[in-house]
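Dropping the structures in below, format is structure tokens.
Common to both upcoming complexes is subunit A, partnered first by subunit B, then by subunit C.
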Partner chain A sequence: MARRPAIRWHIAVFLAPAVLVYSAIMILPLFSTLNLSLFTATDGGTAFVGLQNFRTLFGDPRWSSAFWNALGNNLWFFAVHMLVQNPIGILLAALLSQPALRFSAFYRTAIFIPTILSFVVVGFIWKLILSPLWGIAPDLLDMVGLKSLFAPWLGREEYALTTLALISVWQFVGIPMMLIYAALLSIPDDIIEAAEMDGITGWSQFWRIKLPLILPAIGIISILTFVGNFNAFDLIYVSQGALAGPNFATDILGTFLYRTFFGFQLQLGDPHMGATIATAMFGIILIGVCSYLFLIQRRLRRYQF
Partner chain B sequence: MSRTRHFPARAFAAHAVLIVWTLIALFPVFVTVVNSFKSKRAIFTQPLALPGPETFDLVGYQTVAAQGDFVAYFQNSLVVTCLSLFFVLLFGAMAAFALSEYRFRGNMLMGLYLALGIMIPIRLGTVAILQMMVATGLVNTLAALILVYTAQGLPLAVFILSEFMRSVSDDLKNAGRIDGLSEYRIFFQLVLPLVRPAMATVAVFTMIPIWNDLWFPLILAPSEATKTITLGSQVFLGQFVSNWNAVLAALSLAILPVLVLYLIFSRQLIRGITAGAVK
Partner chain C sequence: MKKILGTAVLAGTVISGAAWAQDVTLNIESWRNDDIAVWQDTLIPAFEAANPGIKVTFSPTAPADYNAVLNSKLDAGSAGDLITCRPFDASLELYDKGQLADLTSLASMANFSDVAKSAWQTDDGAATFCVPMASVIHGFLYNADAFAELGIEPPATEAEFYAALDKIKADGTYVPMAMGTVDQWEAATMGYQNIGPNYWKGEEGRKALIEGTQKLTDEPWVAPFTQLAKWKDYLGDGFEAQTYPDSQNLFTLGRAAVYPTGSWEIGVFNPQVSFKMGAFSPPVQNAGDECYISDHTDIALGMNAKTAHPEEAKKLLEWVGSPEFATLYANALPGFFSLNSTPVEMEDPVAREFVSWREKCKPTIRSTYQILSRGTPNLENETWNASANVIRGTETPEAAAQRLQEGLASWYEPQKAK
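Here is the complex of A and B:
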């Protein structure tokens, strides 16, 4: 190759379509959204206001209470995923990866089914099931003698967000399960055999040998969950509407962005404040991804097999 | 010795946990589909029973057929998903080939640039994307959705495909070059057929989020003529919220095509996840 100094046009031809579409539809709008957040609408056009929009978003009580509420809710939404979804995913993967387990392909296929459904379907199905009108949820609780625990969870301010987070966990638990399962399968047999020689089997083998080896996979799942959660919108919009009721108890950054950008009821949409919220979300995701890459991933020792 | 003795108990416990979660995963879907075939009375009096000769009723499906334009929505979704998928695979494979096959200045940087989009969601640029689509007159066209989904799918496609293309043997490509094939023919005739399994994996990964997306259809193409099935069923469900037969039928209709496709391709999908994740 090196003996041909001429420009190799075919490289450009191969790269051009992907780079053009990606730059024009993804990168450019992303930066122009960041840029829009520095302007505000005036009578005749737009005016540069620097960081004023951010000062409004974080400090002006009309905006900041909604913003901090959405951010707090989003953090709780993420926490529920980390505390429920990922441990269940790891448990299911550990069980599935046992050698000689029968029907494991069936379990894998079945447990992954909710993940392929759309939020519209998932949100509505659960709305129906949890609805006090239909009575499936109270009937099921009655079977195990816990009927007194039933409440219209989606309609109560104190339960609604956690309920939605758990619905989302139900839908997406298949992803950590699959990724951890793959990581467990990639552990070489020699290591497992050596552990068994030393008498380390069963759960202690899992805790002491396998878990340290799959930590990188758990790290990747955590960051995927983080990005997915701080970008979530559909489930809340479908089941609680753009107002993220009751009384904004389920409002997260995605629904807050949608409302601000498009307006709702009597409030007009505001592209500049919308862009400001999108920029804040961008910052949060960037902080999350960078702290993962620089703080966590570097400390995780990679085992080369 | 001790292993064989403990094995049945452990296997039993494992099956118990897995069966419980499988039931939790499938139960909501099962309840929805089963009740969509029942009369309104039966939905409320015996929600957990299978439809019998007395309770069987297709009134929900009749309402959906009479009210919603589901065939048109379905077509829109199909057009958007297929075309986006085609462009993601074609452009993604071309770029992946360039990055994995040739050494040129900026190769590494270009790879990183294209990989950025894996972590940063395209939704954050929505405000500017909408302004751009308004300026170019693409609002309420399927083309707007196809462009956005192509851009959204490319980063992951380039990333996965270039990993696979590195494993295609150099001898084969060099033999092609000696035979006088152009670089384009080497790509289309030698390399593409060899990475077909990886293309299938990328296709499944790209397809699901596009088919299920609500955000961009809602913002870029909410008109009646361009509604996708996801947005169409969301609007329908909102309007018919108190007509339980119609809601359950619409939900079942939204589930079934995806479920059938999934059961056909599940082996591919699962193999794709388990192969890509180890890296």
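Here is the complex of A and C:
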């Protein structure tokens, strides 16, 4: 007769603090948000309405047009990050990892510093730089004779969102740079040497040897960018306000949620519709992350050194 | 050990409680952190001198956070004894929830007209729950030195208004008008609500809109938008990205000649400007037309229904409703005009200019504030967006009015298409 293994209490004990803290501050609020979206306020109380709030959000022409506008803007915000921030981050990391580069520690720090600045500071500084009244951007363009290219970018519907996305890129380009830089440094020298023996050097070495090896890091960066962008709020709120002007051109899901949940000016907050939007955002991020994990992450080749 | 410590703390509390027993402390919740000095140096000492045994503390919150912070404090039972009231629905909701006390029976309520009290009453006017403190009047501030230099008189009619702006523009020394659209509320509040009453005839139009006999697509409601569309040519370079503080600075630095605004700026601007500042009321369409001004009831004081010291709080409220308070307040804060029926003697010339319009023009309040901003989409917030769009020229006045009307009609019963 086999002896039953003793219950290994220590596993539960060691897991408990993390599980408890995580449940209390992450899981519970998440489910209470989901729960909140199923109710609506009535005179002197709340009533269970099932999926009615979701029907309003996607069915009512006003709500749905605001939602799709925010989602579309959010996708563009994400696209700019993917097309500008990450390639530049990879490029900078590739340059920094060149042993011949002098002052690389200085560049690394300088490029990373904006990341640790507060959104409020970044939003304010860029608003000042781009201000048509006191900003240095019009003067700088004037010095090189390109004054005609200047426009009040943050105030024009067609440019405002892209401008803000580029400001955000400026702030956060240090993160992909650091992660890729670390990945590049972790490539063993013997692989590089073997490549050089085979006559693969310079750019061709980057494309054929290094890039495949850092692909998993690029994948992680993409997913971090995705989650970060779809939760973004601060920069838009700081520079354009909760109404995300001009004419909602910079309204992303975060500002839409904020306006709905907490209310704005004479608009009283509606926690139930707000929770509905939050749930929709949660769903979008969940779908994005899951499709990445199941469709892309599993196909990435990993190399053991 | 723990027990001893606990007892000591308890004893300490009791002792300090006893020491305080003769003095009652009243806490005032407010969003006016600009007013701390006024309360501490002028108002509170005056009240405490007249009412020994009552101490008052003024504890403001940042304006943007006030509603949220106050609501959570009231729900948690930790709010102050006196609550500074926002006009209309924000305060009405607190009263309906039983968080603001009914003050209808307060003796000093007799000092206020019905219009003054309307912002803090139930819809039927049966109960008043805050003592009106002040209103703000919309109008235009101008750089009097610049006007003298260019030989311009403050305009009274639309034609004179644009003639003056044209002249300033042709001269080129000054930006004709300081306004930006990026913050949106300037366009709505200092644009649409500033000039609008002359077109919709003040209270007459506002009430007709509430009753549903006028629509936002009617001529009187589209006309202000048509005017705003003309303003574009007189604003500074890059006004699309100009913020509210930018506009303030543009005017106070003497770079802009005219500033569409409200009287609340007087106190802020006075110490900053190095030129002579003047004010003119929103221009009327034709000379001799009846003029209307936005005299917006903005701030009042109510009582937390759960206060531990209702008697003392009422004493303070009676005093806030008195002519004595009105004089102190209006002079300490030029541009915030007392709503008290007793006329108040003010020293600031620009503030006196603003308040003098009350005699020649009919006052009204901002059209979107009462009842019409209860639903979704919110008319006030939509008006911000529409006014900014119209000034930028990305939406025609008619299209903007049409959109506002559709939004309002989507939830407001009297405006629904019959």
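Couple of notes before you dig in:
The criterion applied here is as follows: the second predicted complex is superposed on the first by the 282 of 305 C-alpha atoms of A that agree within 3 Å, B and C clash if a C-alpha of one lies under 4 Å from a C-alpha of the other, contacts with A are read in each partner's own complex, and residues count from 1 in each chain.
Simple rule for what comes next: a contact is a pair of C-beta atoms (placed from the backbone, for glycine too) under 8 Å apart; a residue touches a chain by one contact, two chains touch by 3 or more.
Quick caveat, the model's predicted, so the values are computed rather than measured.
Contacts of A:P246 after superposition: subunit C is touched, whereas subunit B is not reached. By the touch criterion defined above, A:G45 reaches neither subunit B nor subunit C. Subunit A has more of its residues touched by B than by the other of subunit B and subunit C. Look at A:R156: by the touch rule set out above, it reaches subunit C but stays clear of subunit B. In the superposition on chain A, A:A278 makes contact with subunit B only, not with subunit C.
When the two complexes are overlaid on their common chain A, residue A:L130 makes contact with subunit C while staying clear of subunit B. In the superposition on chain A, no contact is made by A:G145 with either subunit B or subunit C. Of the two partner chains placed around the shared chain by superposition, subunit B is the only one that A:L101 touches, whereas subunit C remains out of contact. Note: residues 134, 262 of subunit A belong to the subunit B contact set and to the subunit C contact set alike, using the contact criterion stated above. Residues of subunit A that touch subunit C in their complex: 62, 127, 130-134, 138, 151-157, 240-241, 243, 245-248, 262-270.
Considering their complex, residues 67-68, 88-90, 93, 180-185, 236-243, 246, 249-250, 368-369, 373, 376-378, 380-381, 384-385, 388-389, 392, 394-395, 407, 410 of subunit C touch subunit A. For subunit B in complex with subunit A, the touching residues are 3, 6, 10-11, 14-15, 17-18, 21-22, 24-26, 28-29, 31-32, 43-44, 47-48, 87, 90-92, 94-95, 97-99, 102-104, 110, 113-114, 116-117, 119-129, 131-132, 147-148, 150-152, 154-155, 158, 182-184, 187, 208, 211-215, 219, 230, 233-234, 237, 244, 247-248, 251, 254-255, 258-259, 262-263, 266, 269-270, 273-278.
On the subunit A side of its complex with subunit B, the touching residues are 1, 8, 10-11, 13-15, 17-19, 21-22, 24-30, 32-33, 36, 88, 91-92, 95-96, 98, 100-103, 106-114, 116-121, 124-126, 128-129, 134-136, 139, 170, 173-174, 178-179, 181-183, 185-186, 201-202, 217, 220, 223, 227, 231, 233-234, 237-238, 254, 257, 261-262, 271, 274-275, 278-279, 281-282, 285-286, 289.
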